[in-house]
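Take a look at the structures listed below.
After this come two complexes, each holding subunit A, first together with subunit B and then together with subunit C.
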Partner chain A sequence: MKSTRATQEPRWVRYTLLSVGLGFLFFFLGLPLVAVFVEALAQGLPVYLEALKEPETRSAIGLTVGIALAVLPFNIVFGVAAAWAIAKFDFKGKSLLITLIDLPFAVSPVVAGLIFILLFGAQGTFGPWLAEHDLKIIFAVPGMIIATLFITFPFIARELIPLMQSQGKDEEEAAVSLGASGWQMFWRVTLPNIKWGLLYGVILSNARAMGEFGAVSVVSGHIRGETNTLPLHVEILYNEYNAIGAFAAASILALLALVTLVAKTIVEWRMKKETEMLNTVLAPEKT
Partner chain B sequence: MSIEIRNISKRFGNFVALDNINLDIPTGELVALLGPSGCGKTTLLRIIAGMESADQGEILFSGAEATHLHARDRNVGFVFQHYALFRHMTVFENVAFGLRVKPRKERPSDAEIKRRVMELLGLVQLDWLADRYPSQLSGGQRQRIALARALAVEPKVLLLDEPFGALDTKVRKELRRWLRRLHDEMHISSVFVTHDQEEALEVADRVVVMNHGKIEQIGSPDEVYSAPASPFVYQFLGNVNVFHSRVQGGYAEVERHEVSEKTTAFVRPHDIDIALQPLEDGLQATVQHVHPIGPLVRIELQHNSEIVEVELSRERHEALQLVVGQAVWFRPRQMRVFGADQLPRSTPEKQAFLF
Partner chain C sequence: MSSFRKSVSGLLLSLVASAALADATLLNASYDVARDVYKDFNPMFQKYWKAKAGESLELKQSHGGSTKQVRAVADGLEADVVTMNQANDIEFLADKGLVAKDWAKKFPNNASPYTSAMVFIVRKGNPKAIKDWSDVAAPGVQMIIPHPKNTGNGRNTYLSAWAWALKQPGGNDQKAQEFLGKLLKNAPLFAAGGRDATTTFMQRKMGDVLITFESEAEMIAKEFGKGEFEVIYPSLTMQTEFPVALVEKVVDKKGTRKQAQAYLEYLWSKEGQENAAQNYLRPRDPELLKKYAAQFPAVKTFTVDEVFGGANKAFAVHFKDGGSFDQIYVQK
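The block that comes next holds the complex of A and B.
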């Protein structure tokens, strides 16, 4: 006997949807990813490794990781502070703050870069003052850090706001009524409750920090070996018809992306498990 | 520690949560703040705990000004409706929290903390759950752990916000009695918020009935039940039949001093007698429904256009053998009359019912 449920779609609908989905993934994600590694390894592993040993490539890798690490503490502090303020307090301008946090998502990264040129560039608002004090921000690493910061700061806050809102402030109030100071409350109660969400936000913002091209490109000045991050370096190499070098550098970015993806999946899984465990609503006690 | 509440008011935007509240809670008393949701009882409790600040008025602890004292310095134990246990800590660590966050000089040693926590867990009879996480406990167990945690810092005052609201009836009854015993053993002042009149009447030494941000009545459970100070208290505490003088023809007899149309009489369903023969000063009615509920039988009578609710004991009902549609006579044994201004009238002492 044929067992078809009333809710089941006809076979052709299921197969069409499935092949559209998988086909799209293959052509736009799978194929490019494979192509990156195929191109990078086109002339064999030794040439690939040689390309990675280029001093400029190595400095680009170092700078990319360095910027990502430099941005991280700022993002964590801002993300936790903003999420805390939004989730646990009522104040005027709260909805404005929530909207502003989304701004970097809406603004094109190139525009973000230009904003900082206008602020800190030689002809910019703070330009003369910076020149007087011999401080270099634009076309130097500080500018790239600031631009990356602008692009990545929403990630952690956006991850934490709904989490902290759903947890409410009962536990914090309980901690305070038991005599905990503000710091004790934060370290012992708030932070443990949001740690997985925080880690998730860190991973996402990190991935974005390492992959950022537009904003960083505008403020970097493309000084080889000095202000070139990996994505910028890939572009330069490619424009010089150095396909092996470009794809080797790109493969490092792709690898970083894969690592991020795995880490994200693990954290997601942990987070889900934890929330399930913590939010189990038990049936009312019977005895 | 005694608590004095002086002229406390609190608004949330346009909503008046508390309107000039004055209340004294003497040391050692167990007080219930009773009222419908939105009456301001939880806000008052949170102001006592220091989690909310009043717009005006002051709070005194043992006669000393405490209005602006920070919540952490008030030495108040707070029990939340939804327990608010620290979800990532074991039961043991939850109870130990208050001891572990003490300043280093006052903090007990680890061995001392362990002894104290196990003692408290013993007190709430849950020492066998020390290594569990809150999510692995039932609602009743969680609430007992929340109580143990609040008691760990040896508070002078215990504040409980709808402590049994999220539990089912049977557990609630057990925990009620248990809270009463605990309160008597610990010699502290306790204030608990509830919307359940039965809970308030059973557990508390004193009941504070609140409505719309105001205190309607303060009194012993017996006082608020048998001598309600306002129509609101009458209606909130138990079932009541409301008679308007306009409908009751012979009712003017009570009201002969003042010919006010709008007076209202309140009669509890169990204060009404039913007879099968005409009563001297009774009213005639028809039996509409007969519902046996536990030890009582609830009868609905129709008198003119009004429904009158009567509660009879099972024995009385056996004797009467009422059936639907039967004509009977009824007469209130005692009642209470309130004027149009909703304030108690001259002599509220259980008046005789005169037609």
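The block that comes next holds the complex of A and C.
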């Protein structure tokens, strides 16, 4: 009896905490989410579907997904490389690298966008050179990809560093001493060990990439049907008094987020299962 | 990696560029509620240009806050033409050398193909009996406007009230400043932009009067219903201009001067003017103005050039740091 009292809070504390938590979730997450769909469907399903058929809305959906896909390979390569370097090696400036990885979390997205204007804009550092060679970065899709990359690159590295650190380098060392080449070691040992963590990082950065507003807004130029992503499109439709269109586009964004959420939950579940399995297998050896 | 990127950008392009191959492409950078005007105007011009020059044009639109848009053009957004709702914004591009210094003379009517007027939107039945600027400044009335320092809407309201006070018997700058002090006391808040002000007034039901463009009243009706409010025309108000200009640097680089020039000129054609009227913007063509008289009641207006000696001067005197707005607002 005594032991349960020490580890268990009184009933009223538990219920108060629970209702505060759930109430907060309901008012700040549930209600707005419902409101998006209610507003989008305010004039019935046909009007909603008509709003989604709008070519500019469809191109915004395509661009949003396209940019998220385009930043993915860069994020994976960078994230794995950075996490690998930090978790498995000791070198000078390691803590500096860790700090730099966190930079995008600390910098406001709007400022991040402005940095790229200062670099690649017409009056920016590389602006004249780009104009001479007829290369367009800012106010075109490449600039939007770069801005999204800046915002999303910490996610995978941040997810992998603690995972790789906890795994240590024993298995890799074993592989190498058994004659595996660098690539063999990476593909057969490291990657299988980190795959769920990597996927989790991919999903998080993907969600951020699709929802990004500030940085992308600064470098987009808002050309309809060309450089307008879904979040930007929602804003412009709303400003034009096209509430149905705005909320219909927002509902697509919300759906993309929900899909991400489900994928994230599945990955989390698999990750947990795998570590449990690993622990039961390894348990006897460890003692 | 680069081949992957190529395939991704190829995918993006095919997703995005649904338009067929065009002889030339024009980008029109515009303010954020201009969509309806140019949505109808662009296909009209495409047809006209095909018949006249035998070229098929692709017309692209970029929309955003007026000031944000010209900043983007200055930073390299390759717009062939800018169609804005404030002369200051085009002056900004002229200062940067992107637009001709004498841009206002390059087209008729001060380079503004259509106009609007600042009007009062009051609640149904006009419960506070607001008829003129003096009623808006009366005690107990709440006025909803965007911030006068950094929005076109807010500036136009401020200057309209100032001009009205100047034209009252015995009016002078000092009295006008006093009147503005009284008026601004009736603003419970300054909205961030035109759309915000509308939401505050229509959806949150704050305030007794919203001051905005005549053309915007129609958009409000589209979203919130016509029976929800009344439009009141004060005894004197500002005729707001929507200046357009060619972005010289861009058209020279892209070789689109001819098309861009024709595009802007076409705004003054019968079709272009009628399209403006249908979007509740007052056409310059007197015949069309008469034809649409029912939706454009006669109202006594002034222009910024007449009363304030130009948009730049008005900005310097009233909205720059330390200008009349700051003086009034610090006193308050």
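Keep in mind that, in the parts below, the second predicted complex is superposed on the first by the 267 of 287 C-alpha atoms of A that agree within 3 Å, B and C clash if a C-alpha of one lies under 4 Å from a C-alpha of the other, contacts with A are read in each partner's own complex, and residues count from 1 in each chain.
Keep in mind that, in the parts below, a contact is a pair of C-beta atoms (placed from the backbone, for glycine too) under 8 Å apart; a residue touches a chain by one contact, two chains touch by 3 or more.
What you see is a predicted model; the values in this text were computed from it and never measured.
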(message) Under the stated touch criterion, name the partner, subunit B or subunit C, that contacts more residues in subunit A.
(response) C
(message) With both complexes superposed on chain A, which partner does A:E173 reach: first (subunit B), second (subunit C), both or neither?
(response) first
(request) Using the superposition on chain A described above, determine whether A:Q184 touches subunit B (first), subunit C (second), both, or neither. (result) first
(message) Touch test for A:E132: subunit B only (first), subunit C only (second), both, or neither?
(response) neither
(message) Which stretch or stretches of subunit A touch subunit B in the complex?
(response) 170-171, 173-181, 184, 188-189, 192-193, 277-280, 282, 284-286
(message) Which residues of subunit C touch subunit A once you look at their complex with the stated criterion?
(response) 1, 4-5, 8-9, 11-12, 15-18, 27, 32-33, 35-36, 60-64, 69, 72, 74-78, 193, 195, 198, 219-220, 222-223
(request) Would you mind writing out the residues of subunit A in touch with subunit C in their complex? (result) 55, 59, 62-63, 66-67, 69-70, 73-74, 77, 117, 120-124, 127, 131, 136, 138-139, 141-142, 221-226, 236, 238-241, 243
(request) Note which residues of subunit B are touching subunit A in the complex, please. (result) 49-51, 70-74, 76-78, 80, 82, 84-88, 97-98, 101-102, 133, 135, 137-141, 146, 149-150, 152-153, 167-168, 170-171
